[in-house]
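The following pair of complexes shares a single chain, chain A, combined with chain B in the former and chain C in the latter.
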Partner chain A sequence: MVCKNIAGPNLKLRNVHFHLGNQILLKDISVEFTRGLWYGIAGPNGGGKSTLIKTILGLNNHQGSITLDWPSSPELEGAGNIGYIPQLLPFDESLPISVRDYLLMSLSTKPVWFKRGLPIEVENALEHIQLKDKLERRIGDLSGGERQRLMLATALLQNPGLLILDEPMTGLDEQGKKDSLELLNRFKVAGGTILMIEHDWGLIREHCNQTFWVDKTIREVDPSQIQITQAPSGDVGAVS
Partner chain B sequence: MNIIYEQFNVWVNAGFLPGMFAYEFLINALFASLMIGPLLGLLGTLVVVKRLAFLSEAVGHSVLTGVSIGILLGEPVESPLISLFSFSILFALLLQWIKGRSSIPYDALIGVFLSFALALGAALLLYVAKHVNAHLIEQVMFGSILVTTVDDLVMLVIICCIIAVLAYRYGNHAYLVAISPEVAHSQRINTRLHDYAFVIMIALITVASVKIIGAVLVGALLLIPAASARLIASNLKQLLVLSVLFSSTASVLGILIPMYGEWPVSAGPAITLFACAWFLLSLLYRQAKIA
Partner chain C sequence: MFDDFLVRAVLASVGVALAAAPLGCFVVWRRMAYFGDATAHSAVLGIALSLSFSTPVFLGVLIVCMIMAITVSSLSERGIAMDTLLGVMSHSALAIGLVAVSFLSGVRIDLMSYLFGDILAVGKSDLFIIWGGAALVLVLAALRWNGLLLSTLNPDLALASGYKPKHEQLILTISLAIVVAVAIKTVGVLLIVAMLIIPAATARVLSSTPEMMAIVAGVLAISASLIGLRGSYVLDTPTGPTIISVCAILFVVVNLGYRLLPKKLRKGIS
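Presenting the complex of A and B:
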């Protein structure tokens, strides 16, 4: 599921600003993310974390510049590809879209109603994340953890160089977290770049190379100095 | 087409088919329904997944205005196609354009457009009908099997080919855009282009179907077969196959049964009632399965 040599990009944001009407959501964001590193993004609810990653994905009309510098070496894989896991939201249970359908519509160019077979590497990946026996189940019938595992597997199977993850551990049990973190670690070691929104400071401390606090603006924080009930500014209770 | 009409005549004379198949207009309407059915069934699955039932209603009602403008501009009363296509496509594009540039909830925006299309269309059509033909209103609103021409069939074949190619090449992307536009965008799929292509296809198929089904009910045919299929399908393939099957059979039966029974029912209501029968059967099947 994870290649050995990944073309992770360097990301550069310069004076990024985004507003909706009179409401400023991101203000003067300037930051650099280097390839082959795992970045944690933390911040209060409504502080603009999800807005920031959606802006990086190109979903918001922002001011300022965002540059993705992909390595061009032919030995590296995944240049130009981005894997994205959105925040876990309720999925309409009545929609007849199965796990197989979701994988096919993400990974295959043949219409889902013509070609229903999955390549062997996809089957192996599903076995690895314990979803092989749930291929025909509707996505709406999966548990939150199963859906997150499916999203991570689908993102990795697209051979990305950059992974953008919005609270990817939500809903996962301990084993699911351990497996997912192991995959993400392998991705990083192979050269991939990871931006991950996360509220669990223990997890950030253990896995992220660098952490940023987003509350409309951005600044680097040292997670080892953060108390569980303290925001970096010292506002008690802002971090949970 | 003459060879086909003659062949049907041979079968009628030999007693294989009822006498009604000797009428050319019925054969035209039958062929049209065989193309409209699968198209509406196919696009209906996207309408249901995107939860945009009222979009097709709004575009359907825009046809009323398109017809009236066409007649006012001097196009043929039976087929004001240029105005129909132009107005409906512009209407759909404008709706999508405003959606992308405002924070108005999409359902509210569609509601406003639907009311506008109905009001303007009704006003213009009533004005036009006074000068042309009172039956025109009934025909435009509820469809007719009498007016399908060979030119209409050629137009339907072209639309079928365009939509079949697009569905084959971009079908997977279209469903992904429908269920998760952000993930689709991250995969470098042009979600905005998909949204525009979707409303243009809805406008095309609406205009192509309006002669048979009518402006009031064409939206129903985009919704009911797919909504019925959704009740019993467990994956996308089943949803699509069942939706196409329900839509096609409703279209064909809605053309043939009233004609065979000599019932004074327009094609549009008849087709919609057969689609509703599929919905009822699907609902009963689902209830029986749950119980």
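Presenting the complex of A and C:
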């Protein structure tokens, strides 16, 4: 599912500013992300973490500049591709879209009207994430953990150089977390760049090379210096 | 053959049913019924403007519906509550349209035929417009099928798969405006949304995949149109409302039948 040599990009944000009506959501964001590294993005609820990654994905009409610098070596794969895992959101269970439909539609630009076979690498990936027997299940009926595993597999099957993840571990059990983190580590080691919004400081400490705190503005934080004020839910209330 | 008004009526109703049914599935899935209603209501303003500028009604309606739909979409993105916005826009457009129609001096128009359709008055040029519009909507839906479905499931998910949900929304909006413009002659401004929604909602319990739902909705819409036409001929009732009444009866019968089925046999999706 993960290539050996990945064309992860360098990302440069300069004075990025975004507002909706009178409300300023992002203010003067200047930051650089380097290829082959895993970045953690933390911050309070409503602080603009998701807005920041959607801005990087080109969905918000922002001010300032965002540059993605992709390596051009022919041995590297995934240049120009961005994989994105959105925050876990509920799906309408009445929508008649199965896991197979979803995969076919996600991985092919040709219209998928009726059921067709899946490519062998997709079948293997599904086996790897233990979803092969749930191909005909409606996507709205999957559990939170199953959905996140499917999202990660789909993102990786799109052969990305950059992965943008919004709380990818939500809903996953311990084994699911372990498997997902192992895949992400392989992606990073192969040269991919990862930006990950995460609330779990333990996970950030263990896996991220660098961490940023986003609360309208951005600043680098040292995860080992974080004080956890709301331990039970894992939410971080303050930074010391 | 096209000289017979009944043949033209059959062809017109089949054309509208073909375009409305698959689009109606998206309206049902995306819960856009009120959005469709607002777009359809604004058609009255389009009719008034076309008549006062002596342009084809189809064109005026298409342009006003598109402006309406795009305005609503862009205002809702700015954080204004969608239902309030639609309530304001929908009824304002209808009221302003009706006022504008009353200003037209020297033009005698049969308002009822625009509000409830006048399928028996469909001419050859209307047929051309209806089938052209229907073909365009079907081709758009078929070519953009993946993106439309994924962004219906979840806009962020569509994005994750490389589609642009805003583009897909725009395609739906344009298709909706086209269907409203071509359906005015057959079912009229006030009943267009019923033609979109009722066959799709009926098909929902009979289908297990999105493609199947679009096809079943199409078959139901065509059947209801033909039965409605025949019914209105026999009973001497207004055609548009008769077609929608048949759609409603089918909806009740299918849903009741489905509920009465043993659980094992309910392979549908409702």
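Here are some notes:
Throughout what follows, the second predicted complex is superposed on the first by the 225 of 240 C-alpha atoms of A that agree within 3 Å, B and C clash if a C-alpha of one lies under 4 Å from a C-alpha of the other, contacts with A are read in each partner's own complex, and residues count from 1 in each chain.
By definition in this document, a contact is a pair of C-beta atoms (placed from the backbone, for glycine too) under 8 Å apart; a residue touches a chain by one contact, two chains touch by 3 or more.
Here the structure is a predicted model, which is why all the values come from computation and not from measurement.
Considered on the superposed chain A, chain B and chain C are sterically incompatible, since they clash.
With both structures placed on the common chain, the touch criterion links A:Lys178 to neither chain B nor chain C.
Applying the stated contact rule after C-alpha superposition, one finds that A:Arg116 touches chain B and leaves chain C untouched. Of the two partner chains placed by the overlay, neither chain B nor chain C lies in contact with A:Arg14.
By the touch criterion defined above, A:Arg219 reaches neither chain B nor chain C. Of the two partner chains, neither chain B nor chain C is touched by A:Lys4.
When the two structures are aligned on the shared chain, A:Pro96 is found in touch with chain B and with chain C. Applying the stated touch rule to the two superposed structures, the overlap between the chain B and chain C interfaces on chain A comprises residues 20-21, 57, 59, 83-84, 86, 94-98, 101-102, 105-106, 108-114, 138, 151, 158. By the touch criterion stated above, chain C contacts chain A in their complex at residues 29, 78-79, 142-146, 149-150, 152-154, 156-157, 159-162, 204, 207-213, 269-270.
Taken in their complex, chain A has these residues touching chain C: 20-21, 57, 59, 83-87, 89, 91-92, 94-98, 101-102, 105-115, 138-139, 151, 154-155, 158.
In the complex of the two chains, the chain A residues touching chain B come out as 20-21, 54, 57-59, 80, 82-84, 86, 94-98, 100-102, 104-106, 108-114, 116, 136, 138, 151, 158, 164.
Those residues of chain B lying in contact with chain A across their complex are 49, 103, 167-169, 171-173, 175-176, 179-180, 182-183, 185-188, 230, 233-241.
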